[in-house]
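Should a chain be cited, it is by its letter among A, B, C and D, assigned in written order, with residues numbered from 1 in that chain.
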Amino acid sequence: MALRTYLQAISDGLREALAGDESVFVMGEDVGAFGGAFKVTDGLQAEFGPDRVRDAPIAEAGIIGSAVGAAIAGMRPVCEMQFSDFVACGFDQLVNVAGKMHYRVGLSVPLVLRLPSGGGFAGGPFHSQNPEAWFMHAPGLKVVAPSTPEDAKGLLAAAIADPNPVVFMEHKHLYRRIKGEVPGHPYATPFSARVARAGSDLTVIAYGAMVHAALEAAEDLEGASVEVLDLRSLAPLDEEAILDSVAKTSKVLVIDEANRTCAAGAEVASLIADRAFGHLDGPVRRLATPDVPIPFSPPLEEAVIPTADRIAEACRELLDY
Amino acid sequence: MALRTYLQAISDGLREALAGDESVFVMGEDVGAFGGAFKVTDGLQAEFGPDRVRDAPIAEAGIIGSAVGAAIAGMRPVCEMQFSDFVACGFDQLVNVAGKMHYRVGLSVPLVLRLPSGGGFAGGPFHSQNPEAWFMHAPGLKVVAPSTPEDAKGLLAAAIADPNPVVFMEHKHLYRRIKGEVPGHPYATPFSARVARAGSDLTVIAYGAMVHAALEAAEDLEGASVEVLDLRSLAPLDEEAILDSVAKTSKVLVIDEANRTCAAGAEVASLIADRAFGHLDGPVRRLATPDVPIPFSPPLEEAVIPTADRIAEACRELLDY
Amino acid sequence: MLDAADRRGLLRAMVLMRAVEERGLSLYKQGKIPGSFYDGRGQEAISVGATWALGAADAVCSPLIRDLGAHLVRGTDLAEIFRHYMGRENELSHGREGNVHFGDRRVGVVGMVSMLPDMMVVAGGLAMAFKLRSEQRCALSFFGDGATSRGDWHEAMNWAALYGLPVIFVLENNQFAYSTPTSRQFAREPVARAAAYGVAAVSVDGNDVEAVFEATREARERALAGDGPTLIEARTLRMHGHGAHDDASYIPTELLEEWLGRDPIERLASRLGEEETAAVEAEVAAQIDAALARAMEAPMPAPGTAGDDVFCVGEPVTLGEGAAPWSGFAAPDPLPAAA
Amino acid sequence: MLDAADRRGLLRAMVLMRAVEERGLSLYKQGKIPGSFYDGRGQEAISVGATWALGAADAVCSPLIRDLGAHLVRGTDLAEIFRHYMGRENELSHGREGNVHFGDRRVGVVGMVSMLPDMMVVAGGLAMAFKLRSEQRCALSFFGDGATSRGDWHEAMNWAALYGLPVIFVLENNQFAYSTPTSRQFAREPVARAAAYGVAAVSVDGNDVEAVFEATREARERALAGDGPTLIEARTLRMHGHGAHDDASYIPTELLEEWLGRDPIERLASRLGEEETAAVEAEVAAQIDAALARAMEAPMPAPGTAGDDVFCVGEPVTLGEGAAPWSGFAAPDPLPAAA
């Protein structure tokens, strides 16, 4: 075990995958000599050469589509969008070509698409988005979103080993802010939820950066026993873990950093309202970024993205219900 | 009033808009001399000329992006994707350019994007999709989905008059199957829900083609008083109408023809679970197409898209709860 | 380079393609093929000629709706194709896909997606993998004149040239995209753009199967020699409507008549002579009858299978090798017993 | 065509651009500008020269992160720009956008989106509207070498050529896309592709403001005469890192030194003489101090406004007209009192 940042954990995972499997290669804009816009791939090109750590032209459809081709030829491409926001430019290749290939014609597409996502640092409307729900709503894609360094490395390994296209949401605001103990050897983390904090009065369901906000809020709530469930995998959703937690606590708050309407949290809340109705002791509350592009100016951005304070407030209201 | 098909009502709406406002023009692949793949624009080019009813190259980003340009220059483009499925190819221009323009730089984008959508006729994985939830999850876009000829024409007029980008979901399977009385003069239908059938025991919430399946199911449910709420507008959602209906009936079934996860119905269900919890007398049930590409072969397609029978069955279960 | 047996094979494949599509059209009109129906009437020389020049390990990614011939040359089983068309149980698509949206991965064919020309980008990715692994293989992709207007066309072209990929792009310039003539799609012919990317280009008579073959053979040699991609323009005319629903009344009669005189099958047939042609036609008709009879025995898929296989479980399934008639390679048994 | 007053104006705009960006960079380092910071050091001649050639009613869609000069020439208020940069209350973006992501619609400038080169497509749409309404206006769009790899570039080029649109595309070929040299972006120079679409093209020294001006002036005449689009390649080098976070160590020192000798401001300054240049510099410094002082008075936006204006309510807001220094037109008062 070693203390690693979230970013280092992802780098480590990439390095281990490249070292361990000849069919793995990394591709994206400026991922080579420059080491990526966030330096996640720093040093990898020097270590593995320009064929296996490939700089791509600014062509998101080209990156995703050619990765699909390489994948069906037996490779395991791991691609980076420079910011998750740019995946919109390769959207069609991802949802229509990669996602449906196996169902339609039986070919596997073992492709990982890394999406540096999320806000919190004045990135503005095009460098702060959380597009995961689009891909949850696209059959054939898996979507994972680690919140800790340990899970980041483990979920990345599992994503690379998976024979299906996996969208890997890595939250930029966790990159250097979050440190944790990470095993020094390769390991895979299952695509299932994790109880980040056990509790009995209320469940807060979150993923990615919001897990940390939820944990902070839970700490603040003296006297209440708040469970925090870290989804980790958004598609597939770990329905059992969600329902189990709600059965235990009877109250639930679902958090999204993404825009509210049709977000991951909408699916989670609707699942609970359907399958855990009998256990509920209060409304299924949601806290999410409202349906607004992420504004640049810090007071505005801070006003829209859920914070620990607002999570705590929503918890208090629910606890009092 | 005249008896018109859903398709004719849309054509009529386009004709009236072209006749009534010089700034309106129609653009899309094969919409000109051919009159569109579904003949929705049939005759319009002959009537209004090739400048106002424009054949476009196969370039969905080109169509949407240039429509944005025309819109900010004061025009009111009404564009067609040949099938809604192809909107994935112009996704970025729609969500990033059109949707965020007004918030970011204050320019209006009065653009209507017509998306012939939905399954039911062996169109297969690329000619049957219902992509509306992607756009509900994209701030700055409005999304409407008429189920009747009258609403098709009225919502189209309102969409064209709206100073914002509006995604107009027109269901292909309703085109020639559904007829109804339509006023012969121009009128606008508000972006709000409509009680398609009043009832007191249970609310079925649907939109587009599923409204008809829900009405059929409601007829079949002898002895029960089933309300059918036709959402008509998905963004904005008519929250009041949804909550009012649930307050009245206490039981609710939400239908999506779209793939289940993060569909419009997830948002509707989560809204109810949050804001109408106190009124609920049973779980918030959902019936949707599972997370699978729409299969081609009729027995398979029929197995995935919600049918009147399966809606009735789900209603019965809920009524018995 | 082609010998008499090759020519007979080429004729056979083109006649087969046309006959399968004719049969398909009547099955469609009888309601036995659901959905829609598309064919490649008049364009048979392109998919047949181009695919004929490939080696067994080369990939076709992808044949489009005018390219049934590519599937036939690669060795896809005919009964399977009919089962697929009709939405019956089959190993190609399990009823999940229809019309020419299929590909037998076991013979190196990747089924197309509708979004044009996405598969050109994917073909580039296949070629990238081949090159990365120093394999002597290439990928071939078909696309229409209309598809050249889309951004993915550009990204595929740039990618192929930048990395010098072993990929062959076959442009089927049939003068129309659905109802839209090329004059309303672009101001300059796409073949002229290839040089601006650094892609070699050649333009051939698309109704001359030997010319298409020869251009592809050369492009393949270039690809395997490490000399990069080639764009082959095959000039032709779509002799039917866009699909069975389209009477193509927007195509001038004189244009159709002109191209009727250039029918690719008649052209090769006249070279081979009446007797040989008649023999091929009879052989093909018998083959189709037999295949269709087998296909008709297949049930419709069980509704319960609709949700299967959205995800792959276990080891990834990759491309296999196909028949390569010209180089003498025939995949031993492309289809398992089930077929 | 340019007279002494024009030259002075061009110098002033370039000096102003550089000085604003230098001030911006220090504000960024002081933490007064949040997020990230990008500039166009060494490329001032391009946005300034090109925009100088426009008429008042022409649209700029859009200046990119190297193109602050375009905003300055069009008449965007300087205090507003600083407020915008700092995320303070302002009429350009209301704090919703940062860095060079703004555009004053009141002076005919459409703010860029990050996704490159989406705005070229939008510019085509503006030009389409102008042509449809038979207006004597054109649209101008900037794009980088790197952006030419994306599909939207192709769709924009094809569209412009096909419809003969009054649009000018200005390629800022600064030899790099972020860290990626052009040799790893494409095999052939993009300017060579223009002809293959039917777009007129010209390549100029991007560090020569008069050359950029002249090429744009000609392109505009062509556009207004109905002769269609032009692509202007302006060859240059990005003299700073991609953004403030990037030391650009991947750019060879010799290359930087070579281009340092071609500084666009020094070049024009040497023509105008030291005295005049010093006057311009002093004038600019004073202007910036004043603008920044005004800007600093603005509060940060109220958190409660974060959700405002996602949708337009009421009549659509469209583009206005900007300053057109060369043709002598200055928008009377581009900014309302609030500014």
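One rule holds in what follows: a contact is a pair of C-beta atoms (placed from the backbone, for glycine too) under 8 Å apart; a residue touches a chain by one contact, two chains touch by 3 or more.
Everything numeric here is computed off the predicted structure, so don't read it as measured data.
Participant: Strictly by the touch rule at the top, which chains does subunit B share as contacts with subunit C?
Facilitator: A, D
Participant: Quick one: which of A-C, A-D or B-D reuses the B-C interface, over half of the residue-numbered contact pairs in common?
Facilitator: Comparing each option in A-C, A-D or B-D with B-C, the repeat is A-D.
Participant: Select the chain at the greatest separation from subunit B, using centres from the mean of Cα atoms.
Facilitator: Of all chains, D has its centre farthest from that of subunit B.
Participant: Please work out the Cα centroid separation of subunit A and subunit C, and write it as a whole number of Å.
Facilitator: Spacing between the chain centres: roughly 39 Å.
Participant: In angstrom, rounded to a whole number, how far apart do the mean CA points of subunit A and subunit B lie?
Facilitator: So the centroids are 30 Å from each other.
Participant: Please compute the C-alpha centroid of subunit A, do the same for subunit D, then give the distance between them in whole Å.
Facilitator: Measuring from centre to centre gives 36 Å for this pair.
Participant: What are the residue numbers in subunit B that touch two or more other chains?
Facilitator: Within subunit B, the residues that touch at least two other chains are 57, 59, 61-62, 85, 88-89, 92, 96, 100, 103-104, 125-126, 139-140, 291-293.
Participant: Specify, in ascending order, the residues of subunit C that touch 2 or more different other chains.
Facilitator: Those would be 93, 96-97, 101, 113-115, 149-152, 155, 158, 162, 184-186, 310.
Participant: Determine the shape of the graph in which chains are vertices and touching pairs are edges (line, ring, star, complete, other).
Facilitator: complete
Participant: Where on subunit C is subunit A touching in the complex?
Facilitator: 59, 61, 92-93, 96-97, 101-103, 105, 110-111, 113-115, 118-119, 121-130, 132, 139, 151-152, 155-156, 158-159, 162, 309-319
Participant: Show me the residue ranges of subunit A that touch subunit C in the complex, using the header's touch definition.
Facilitator: Those in contact with subunit C are residues 25, 51, 57, 59, 61-62, 65-75, 92-93, 96-97, 100, 102-108, 110, 139-140, 142, 163-164.
Participant: Please give the residue numbers of subunit B that touch subunit C in the complex, ascending.
Facilitator: 29-30, 32-34, 37, 55, 57-62, 83, 85-86, 88-89, 121-127, 290-293, 295-304
Participant: Any idea which subunit B residues touch subunit A in the complex?
Facilitator: 85, 88-89, 91-92, 95-96, 99-100, 103-104, 125-126, 133-134, 136-140, 235, 237, 254, 258-259, 261-267, 269-270, 272-275, 277-278, 280, 282-286, 291-293
Participant: Can you tell me which positions in subunit D touch subunit A when the two form their complex?
Facilitator: 34-36, 87-88, 93, 95-99, 101, 113-116, 146-147, 149-152, 177-180, 184-186, 250, 300-307, 310
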